[in-house]
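Order of writing sets the chain letters: A, B, C and D. Residues in each chain are counted from 1.
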Amino acid sequence: MTRVAIIGAAGYAGTELTRLVLAHPRLELVAVTSASEAGKRVSDIYPALAGCDLVYAEPEAAGIAGVAEIAFLAVPHTAALAIVPTLAEAGLVVIDASADFRLKDPVVYAAWYGTPHTAPALLGEAVYGLPELWRNAIPGARLVACPGCYPTATLLAAAPAVEAGIVISDRVIVDAKSGVSGAGRSATPGTHFIAVNESVVAYKVASHRHTPEIAQGLADLGLAHPRVAFAPHLVPMSRGLLATVYLEVEPGTDIDEVRALYAARYAGEPFVTVHEAERMPATAEVRGSNRAHIGVALDEPSGTLIVTCAIDNLVKGTSGQAVQCANIVLGLPETMGLDQPVPVI
Amino acid sequence: MTRVAIIGAAGYAGTELTRLVLAHPRLELVAVTSASEAGKRVSDIYPALAGCDLVYAEPEAAGIAGVAEIAFLAVPHTAALAIVPTLAEAGLVVIDASADFRLKDPVVYAAWYGTPHTAPALLGEAVYGLPELWRNAIPGARLVACPGCYPTATLLAAAPAVEAGIVISDRVIVDAKSGVSGAGRSATPGTHFIAVNESVVAYKVASHRHTPEIAQGLADLGLAHPRVAFAPHLVPMSRGLLATVYLEVEPGTDIDEVRALYAARYAGEPFVTVHEAERMPATAEVRGSNRAHIGVALDEPSGTLIVTCAIDNLVKGTSGQAVQCANIVLGLPETMGLDQPVPVI
Amino acid sequence: MTRVAIIGAAGYAGTELTRLVLAHPRLELVAVTSASEAGKRVSDIYPALAGCDLVYAEPEAAGIAGVAEIAFLAVPHTAALAIVPTLAEAGLVVIDASADFRLKDPVVYAAWYGTPHTAPALLGEAVYGLPELWRNAIPGARLVACPGCYPTATLLAAAPAVEAGIVISDRVIVDAKSGVSGAGRSATPGTHFIAVNESVVAYKVASHRHTPEIAQGLADLGLAHPRVAFAPHLVPMSRGLLATVYLEVEPGTDIDEVRALYAARYAGEPFVTVHEAERMPATAEVRGSNRAHIGVALDEPSGTLIVTCAIDNLVKGTSGQAVQCANIVLGLPETMGLDQPVPVI
Amino acid sequence: MTRVAIIGAAGYAGTELTRLVLAHPRLELVAVTSASEAGKRVSDIYPALAGCDLVYAEPEAAGIAGVAEIAFLAVPHTAALAIVPTLAEAGLVVIDASADFRLKDPVVYAAWYGTPHTAPALLGEAVYGLPELWRNAIPGARLVACPGCYPTATLLAAAPAVEAGIVISDRVIVDAKSGVSGAGRSATPGTHFIAVNESVVAYKVASHRHTPEIAQGLADLGLAHPRVAFAPHLVPMSRGLLATVYLEVEPGTDIDEVRALYAARYAGEPFVTVHEAERMPATAEVRGSNRAHIGVALDEPSGTLIVTCAIDNLVKGTSGQAVQCANIVLGLPETMGLDQPVPVI
């Protein structure tokens, strides 16, 4: 058993991490921290996590270092800057589901996050934790920066086409739809039930912080100088994320061949399904699971490949992916703790 | 008072037409038809329409011709082909909220609707009823083909940029999100509460029948040979529609100038609001009203103008627009019966 | 035209009052106040109220007195205590949709609201504004205390049986279900979308402040010493309220006779419908309207009459009822401004 | 490993049974049947059950008998009448989540289900599978009739008070609220998203088939001649059930003592939590789990104990309870396969 700490364990992503670690046969949860719930018992705050008698500690990295071998982080952006170096220095494996070590270029980080990156030395060490696309970098890593929810769905949707070289424009349109849990646990006018219910709205259009991360990923996949027009939307549901990605392809592209390409690309992937012709994935299909479901269509007149990818933003989009990465780092079967069936509804 | 009949009055669009006509100071509802509810009283089926003691008749055009001066149609596609000629011949003004007379080219109609157009002569007479864009054609028209919900939102979003000539590519991406009422009143596996709730899914990607209608409209606005990649999505809400339109513009385009362009274009329009910088419209803002709210953003690196337009699919997307067109045809104030305030939530 | 001010106009009830007054043919809205939105234009905050160019003022009663003839109040409990005397002294008619003048006994008020009643003299003058049950008291009133949403639905459900003397126990069970708007506009952990969505929960069981108001009403209807066990519940919807009322009746009671009794009691009422056998009202039926729909059933073995009453908590439960009372006070037709058809969905 | 068949495996309850059996360390799913999905692969119909390659067979009991040792039934009422005898004769343990063997008196069954009971001999053998209340009957049983969802929540809510003898009236009021999955997978006007969304409605008031089952259970708990007034309600959510139970108790009853009584009664129960004072359970707390959470309040003036019990209708209300019973029958730890943490949201 590997001893695990979760930093920022009381937010939505943190509770999912808690659930997944508790159910994992080879991980032992030994510490949880939370600024907002410090001093309270996990199962008192979250009856769904019945059986977890741990008490939330203050999120000080120092205490964690002594008790855990691996730490999962689910903290707000910029918060990990102070925590990760301490943990890394203490020799812990860090699986960071936060934003601070995803962008490789500290200048880009500073531009999008509005603050200098205070641990640039660690950026070189960090590997980007999207196993289906960059699995080889993960075994033995000391610091894994897990992708954001939008980049995960977008890059999985775009990768087979980009890698195959059939994308003929560096201009990529990403229209994404997310449930409210992506906005976090804070009660704000924007998360009030009545603001969300029966409404759809775009937000942070062309200014969302996941934009450079998507561009970085597309470049790594082989698309030169990608320019990403990204519009995230909030939809009235608690969980789930759908990315609809529009890629320009050669005239005369055959959709059946593209679909075969996608199917072949993900054939061995335990968590990815490419749907058959005419079928597009619903986010409900993947609710609660670490799966990504992909549908592919082609608009022939405009030469536009339209790919939708559905994930659960709190599992494959955050916490499940973190556990998947931890499995790889630790040399465990990649699906361990992530392969239980989930409710159909 | 002008005597009005509504054909197909018991569907969602039909009930909204009923509501709006009942509240209209210069229209008198004299007949309603419904295949499914024939013989039943309106207020018995729909308590919300309390006060309407009309009984649904069978949807035979013949009977209508004698009693009404103007007929609104809200019937499934292809059904209007048989009804409109009879009504037109009898001298009624026809405001058709159905699909059959929107496309000007019967060959395109046949290709997308899978059946020949049986009244092509009337296509020449039909005017496209989107007043904000083609108002001049409507006064005195005998047959108004009101746009579909997706084309309404999309064309309102695209028009100022296209008209101004700042769109530099004929390739237009439209990603739209609709509430379930767009799918109609039939109980199907796809409209079951549990299928819709907590899920987002794309459907009819690159194959939705509103695609050629959008292309036709963009061409009329001045975009040569538009190619429209269109992906509609179903979101878990009853009403509301958001179109997110991606237009390629010149490098160096200034977003403030574009926003000013939009504001100027719609300055005199009673039903259109262009939001200020950083604000995108939520569909909840326009719920129950005939309004269209528009937000404009620019992704500079990719030269992509991103415009979102929120409407209520059953009002500005169908029934309200039909009444707006009827007002124009009849020489009434365009906002008559459509300007009452609506609930904020 | 009668000049109207709305105090507390930016909350949910206040916006509904604003909507209804704007649409009313004989009321002219001249002033709106709001502590939270003071200085802002109504139509800027609420696009759905497009056309209302009034600016929210600070909620000081003094200024209102000079400009309006009638004032509607939609303020939090205890806030009306300071406002109403000023307005009354200035000669305004006050229609109070708040809680402070509903309970006739200041001792009961103090016990349930945790503060002494500071204007007990006005309690004697206040009439309880539930027209269907106590219409005669309203014409010419200077201060109308409109019932809470729960008492409105409960008393309408219970009245015919109580008045007819068929209720044989003073113990009345009220189980009510409300949408979230009843909890107000504040963003709290309890109104967060994710807390509300996909959940039902009881709250303030046996301690809700509407309990003594229900008891007072039942006593006025003729039930001696009523004891009310009241459990309100929060359900995941924005608007709507269903009260399920359990009344003990004589063995051998005939449900058809009871239903006939209900139908007869409300036969002349423009806003009340008693459903036929086997049909129970859904809150969606009355969404956006001032209507109350009632269904009646009997559990024979236990001698329990089970009555459900559906209202829109923001219309018949608050703002619509306030306008209905104003109409009566002013000698206008009772349904004026409240009889427009509303959307079916 | 015990070989398991699930009869009626493609409905909502059936898919939950499938999920739970697949995750169970000592059960091996060897056969699934479904009339509607026969011939199709489980994972094709339900991607959430990825990993299950079984193909739905026609629901003929004969084939099952040869391959499985234990059969779970999740079929519509009356359907089990024909299936259970065949399975029982073949020596299988039958865990019946259907309705047909819950009522001990075939006369009562015939009265409520509208058809004679065709296997009355097996009624004597059937044990009622609500472990927290009647655990002792279950070990070694050959036929377990698992309770309905409403009786489960109601009886858990009422039991401690009834057993302790503090309930002084045989008249019990049960007001219950259920998510839509309780209505099954069929697409009907009543399960259409738009019918359910933003609405609450009572149904089958005083006529629901769970009424006699609740009465039978209360009698078994010691309440003489119980008379149950039962009003179920449909609320707009997919899963979850809340029963609010009103019990008349002695004047002077102390709520703290009652709460202590409840806490003591369920102290050893792994799946039941009694909340502290002032806290009522939300159905979201138990979503996806086999737990039942209980809150207790007292209305002193009316001497009414108000108990709410939240369960997931598809887990503790059906499938989880079936697995719990199977564990007991088979001599396995009662929580096996049911104790994994579930998502907090």
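The criterion applied here is as follows: contacts are C-beta pairs under 8 Å (C-beta built on N, C-alpha and C of every residue); 3 or more make two chains touch, one makes a residue touch a chain.
Source: prediction; values computed, not measured.
Common neighbours of chain A and chain D, by the contact definition above: B, C. Counting C-beta pairs in contact, the pair that comes out ahead of the other among C-D and B-C is C-D.
Between chain B and chain C the centroid-to-centroid distance comes to 37 Å (mean Cα coordinates, whole Å).
Centre-to-centre separation between chain B and chain D, using Cα means, comes to 47 Å. Contact with two or more other chains is made by residues 12, 181, 194-195, 197-198, 236-239, 287, 345 of chain A. Across the complex, chain D meets chain A through its residues 12, 15-16, 18-19, 22-23, 46-52, 181, 198, 238-239, 273, 285-289, 291, 293, 314, 339-345. The touching residues of chain A, counted against chain B in their complex, run 171-173, 175, 177, 179, 194-195, 197-203, 205-207, 227-231, 233, 235-240, 242, 244, 246, 248, 280-284, 287, 295, 297-304, 306, 308, 310, 345.
By the touch criterion stated above, chain D contacts chain B in their complex at residues 12, 180-181, 185, 187-189, 191-198, 236-238.
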